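Note that the chains take the letters A, B, C, D and E in the order they are written out, and that residue 1 is the start of every chain.
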Amino acid sequence: MAEPIIRFDNIRKSFGTLTVLDGLSFDVMPGEKLALIGPSGSGKTTILRILMTLENISGGHIEVCGEQLYHMQKAGREVPADEAHLHKMRRHIGMVFQHFNLFPHKCVLDNITLAPILTKGEPRAEAEKRGMDLLDMVGLADKARAMPSQLSGGQKQRVAIARALALQPRIMLFDEVTSALDPELVEEVLAVMKRLANETDMTMLLVTHEMGFAHEFADRVLFFDRGHIIEQGPPDRIFTNPSHERTQTFLRKIIAAGHRV
Amino acid sequence: MAEPIIRFDNIRKSFGTLTVLDGLSFDVMPGEKLALIGPSGSGKTTILRILMTLENISGGHIEVCGEQLYHMQKAGREVPADEAHLHKMRRHIGMVFQHFNLFPHKCVLDNITLAPILTKGEPRAEAEKRGMDLLDMVGLADKARAMPSQLSGGQKQRVAIARALALQPRIMLFDEVTSALDPELVEEVLAVMKRLANETDMTMLLVTHEMGFAHEFADRVLFFDRGHIIEQGPPDRIFTNPSHERTQTFLRKIIAAGHRV
Amino acid sequence: DTLDDLKEQGFARIAIANEPPFTAVAADGSVSGAAPDVAREVFKRLGVPEVVASISEYGAMIPGLQARRHDAITAGLFMKPERCAAVAYSEPVLCDAEAFLLPAGNPKGFASYEDIAADPEATIGAPGGGTEEKLALEAGVPRDRVIVVPDGQSGLKMLQDGRLDVYSLPVLSISDLIAKSGDDSVEMFAPVVGAPVYCDGAAFRKGDEALRDAFDVELAAMKESGEFAAIIEPYGFSAAAAMSTSRAELCGE
Amino acid sequence: MSWDWAFVWQIMPTLLQGLKITLLVTVLGAIVAAVLGLVFAVLRRSSIKPLAQGTSVLVQFIRGTPLLVQLYVIFYVLPDIGIRLPALVAGVIGIGLHYATYAAEVYRGGIEAVPRGQWEAARATNLTMRQTWAHVVLPQAVPPMIPALANYLIAMFKETPLLSAITVLELMNQAKSVANSSYRYVEPMTMVGVFFLVISLISVALISLLEARYGRKASR
Amino acid sequence: MGDWSGYIGLILQGALVTAQLTVMGTALALVMAFTAGLARLAPFAPLRWLARAYVEFFRGTSIFVQLFWVYFVLPFAGVSLSPLQAGVLALGLNVGAYGAEVVRGAVLSVPRDQFEACIAVNLSRFQRMRHVILPQALPLMLPTFGNNAIELLKGTAVVSLISLSDMTFQAQVVRAQTGSTLIPFATILVLYFAMSLLIGAGMRWLERRVTRGLDGVRT
């Protein structure tokens, strides 16, 4: 069997006195599509942010693509990773945020090409060609020169996906990417992500409240509560026949609130 | 047959050069529960805001409880309503907003009693007694002295409902009152509204994207597109067998986006 | 009239400068010095028991008088024909010659305002709106080499710091500055060649001539009796000088 | 005392001479303030604690004491320790230093106004710290600062009369000197007021143009 | 010359005058700020124009010119004020003009939602302002008011130029009488700084008081 591409080993994470993750361990295999679900505050976002190195960890080890993420070897000893190491590791990972976080002062195409040009030294012409291909893929080739403020939420999010893809990461993180969107605009974003899931072998971690989509999208579902994996398994089982009571309650509530599964 | 309690007569509303409503007419009977649905930008919110006198109209007449809303008689001639007239008419109408709009500097009970004390001169003790009854009804009697910032979204919205009810209006307006809530919190708000719909004979206008709830709640559904009523009728017919193609498309999209009907 | 008003309120408001020995402010804040002492005594004789002194910039004195903020200026504001046109002066009170404050040894040999005008590098400091500023400008020192210095202490400091080549004030003011500084790197040159001896008087508002005349009467009596000399001579001023000239002469009337 | 137009015309050249100095001081002071302000802002963010705190106290001290007294100190006290600045230079440094503390505040606010999400997006696209500042943060932070900085420029302009206290012959000092030699005060002082009012009204109008321009850009 | 304690006493007397000017000037500035700030939002246009003119004039001209006018020119119109009154008036009107913009800005920055909620519960214009808008706007104003009060404190130094014996003025007197430059100026710098710290601390205390219960609302 192949090696895991992501390995959480006994991860602890506190904010001040609040401990959010306490000894969390799990692996993700290359190409796997993972859905992280669970009640508000259970730590789903924190997990993605830790992977993206937006938060530091308080304890434990994370391995990404066979290398330590937060640690490195120096003179034979393990020391905390420095900025250069983190920079190197971030190449593997891309993230799409709930609130898009597009660069408002740059047009759509520049949003996409900025990082390839700056971080990989791609020639502008080449970066723009690839950028246009990506825009094509997300159905926004005609908006290349638009400013983010001129786009709808759904369009913004599709640009954000293209921006993350432009760096060709091996792992993509999606944090409630549709929950800031008007209901009618959700579908266009989900469609792009579905294509992505089917057509590439990228590893994907998805945090969502759209159970229906999680069902279609994921190979494996992890149900979190208070920082712990309460249960996990293929979506068919988790959604139709959850073994744990807390999972059942959660799903019932979500359904009652009008989200289909 | 009874007189309508609300009568829109040929209402026109423009924002600058954009005409949102163009000759809109419809009646609402006392006690009727109306659901307004339709795509984003079709003018649903605008209709509620006009009724609440948060926007002015550009043309036409509105009658509320048998009196003109935006016009009054002066020396036998019809003139635009002044602030005093609007103040008088607003007694009939209450509104609950998408973002709750609680007064953040007042505790829950004060939020509810402020208006009865100030606008109706109710004695504080009496207003507070009624306020507590209302809090009881929305299930928040224990939060009377909490500040809004200490409440969850669902609790805030229930307080907002109680606040609107405190003035005992004959007409209640609800504008997407659950769409700013976390999915898990939606149900508690809808439950309160369902009770309200069943137990009182208030006239209610509801704008929502929760088709399932609209179905249960409404006596009549109005489907709007671009400021016009495309079709209307009992929810059973509109939701299961819409006659108009645009209604069908809309409902299909909403369902695809994960909202149950 | 004004005198009756003053008698009634029991005090007169006088403007004084922050320039020893014309004025002195003690550590407890009480005001003395030659000019206020004379004014106090004369007003007392006029039936106005108190004077309330406020310290003011030279430039602000005449507008303050015109704006009825003061009833009189007793500040070493020397009589000159233009000033005589702006205010009503009493007979002379304090007389003094002009002096230069210079680096010790007077390296550039300045003896007159014309000498300063002739040296294209030289800068002279003087109080804004004061006599010395006028004399320097009249002698042909260009505007940008006449530095307006707010007070004597600043002038001394600027000279010590080498920002000025010359600082000009009346003799007694300069000698007071030197005495206080205890600094022997500076010295006084006096009297300035070609500069007249000036005398100040109490200055009143135009229109208050009646008050001025009453003031003159008492002042003359004090000069006569020797009380005048007794007040001003301890400060270093000469009573004889004041008595040897007159307003008519100084104002060029 | 009545208003005399002929006198106004007569003193105009002198006043304009003073206005020239006033504007010069304003511009030079603004440059000092802009640069020193950036230094203050950066030092306050420094990871070396004593440096950051020391700067913070210094900034607070300068902001908490009157410019007039600071000018006195720079001009009259500094020579005691061998620093002898010409009046104009002392004035520019004094006013520039004073307003640098305000500029530092604007810089800080502008930088903090860039949403956290922008820093995070920059990190998620693997930009380095320097690239994040140059391509993401500063381009968004600077335009909204411009109106605030311009406002301080005007405030500075209006404080230049203080420099008369250290013998700089700016507009106010020229007016005083004209008044002192003519015994007419109303005209010169009023004209100084008119100069200030006209120039600052024009500047305020320009600023609201700036605000409209950059405000819109910033709200995207 | 050696009588330092006496001269320090003189400076302390000046400090008292400075404190007086600051307190009274701030009081006037507050009144002007609310009057003009709310007038700028009034539904009656001439009132708005008047407030606007006041604000532009006092922000547009320099405090020096205003002080000179109040002190030397107003008397020709028959209004003669003591130096203290003149100082309070000029400082209060000047800082009040800046404060008016703060009041206006704070009121406008209360979310529109809150105005709308008031209409929906049928509060009158006055009730809206009094019970909902101002209580929320006040915490937004306080930090800037604190800064304004410190600006006003610093502005008091300028009144030494109209012969009011405030702290700066007394320092000048002490300097002329003793010949020392460093000591009087260093003393008053420390005193000014102490006063501004005091104002800052007072404002923070006030802020804590009025924001109590609003935690989580204001960021």
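Here, a residue touches a chain if its C-beta (ideal position, glycine included) is under 8 Å from a C-beta of that chain, and two chains touch if they have at least 3 such contacts.
The shown structure was predicted, so the numbers you read here are calculated from the model rather than taken from an experiment.
Asker: Tell me the fewest steps from subunit A to subunit E, where a step is a jump to a chain it touches.
Answerer: Shortest path length, in steps: 2.
Asker: Measuring between mean CA coordinates, which chain is farthest from subunit B?
Answerer: Farthest chain from subunit B, going by C-alpha centroids: C.
Asker: Going by the contact definition up top, give me the pair of chains with the most C-beta pairs touching.
Answerer: More C-beta pairs are in contact between D-E than between any other chains.
Asker: Quick one: which chain's Cα centre is the longest way from subunit A's?
Answerer: The most remote chain is C.
Asker: Centre to centre, by mean C-alpha position, how many angstrom separate subunit A and subunit C?
Answerer: Averaging C-alpha atoms per chain gives centres 84 Å apart.
Asker: Could you state the distance in Å from the CA-based centre of subunit B to that of subunit D?
Answerer: So the centroids are 52 Å from each other.
Asker: Using CA atom averages as chain centres, what separation in Å is found between subunit A and subunit D?
Answerer: Once rounded, the distance between the two centres reads 47 Å.
Asker: Check each residue of subunit C and list the ones that touch at least two other chains.
Answerer: 63, 66, 150, 157
Asker: Mind pulling the residue numbers of subunit D that touch at least two other chains?
Answerer: 1, 76, 165, 185, in rising order.
Asker: Can you identify all of the chain pairs that touch?
Answerer: Those chain pairs satisfying the definition are A-B, A-D, B-E, C-D, C-E, D-E.
Asker: In their complex, what parts of subunit D are in touch with subunit C?
Answerer: Checking each residue of subunit D against subunit C gives 1, 76, 79, 84, 86-87, 164-165, 167, 169, 173, 176-177, 179-181, 183, 185.
Asker: Within their complex, state which residues of subunit B touch subunit E.
Answerer: Listed in rising order, the residues are 52-54, 83, 87, 90-91, 93-95, 97, 99, 101-105, 107, 114-115, 118-119, 147-150, 163-164, 166-167.
Asker: Which subunit E residues qualify as touching subunit D in the complex?
Answerer: Contact set of subunit E toward subunit D: 56-57, 59-66, 68-69, 72-73, 76, 150, 153-158, 160-161, 168, 171, 181-182, 185-186, 188-189, 192-193, 195-197, 200.
Asker: Could you pull out which subunit C residues touch subunit E in their complex?
Answerer: Interface residues on the subunit C side: 15, 18-20, 24-29, 54-57, 60, 63-64, 66-69, 150-153, 156-157, 177, 180-182.
Asker: What residues of subunit D sit close enough to touch subunit A in their complex?
Answerer: For subunit D paired with subunit A, touching residues are 115, 117-118, 120-121, 123-129, 131, 135-136, 139-140, 217, 219-220.
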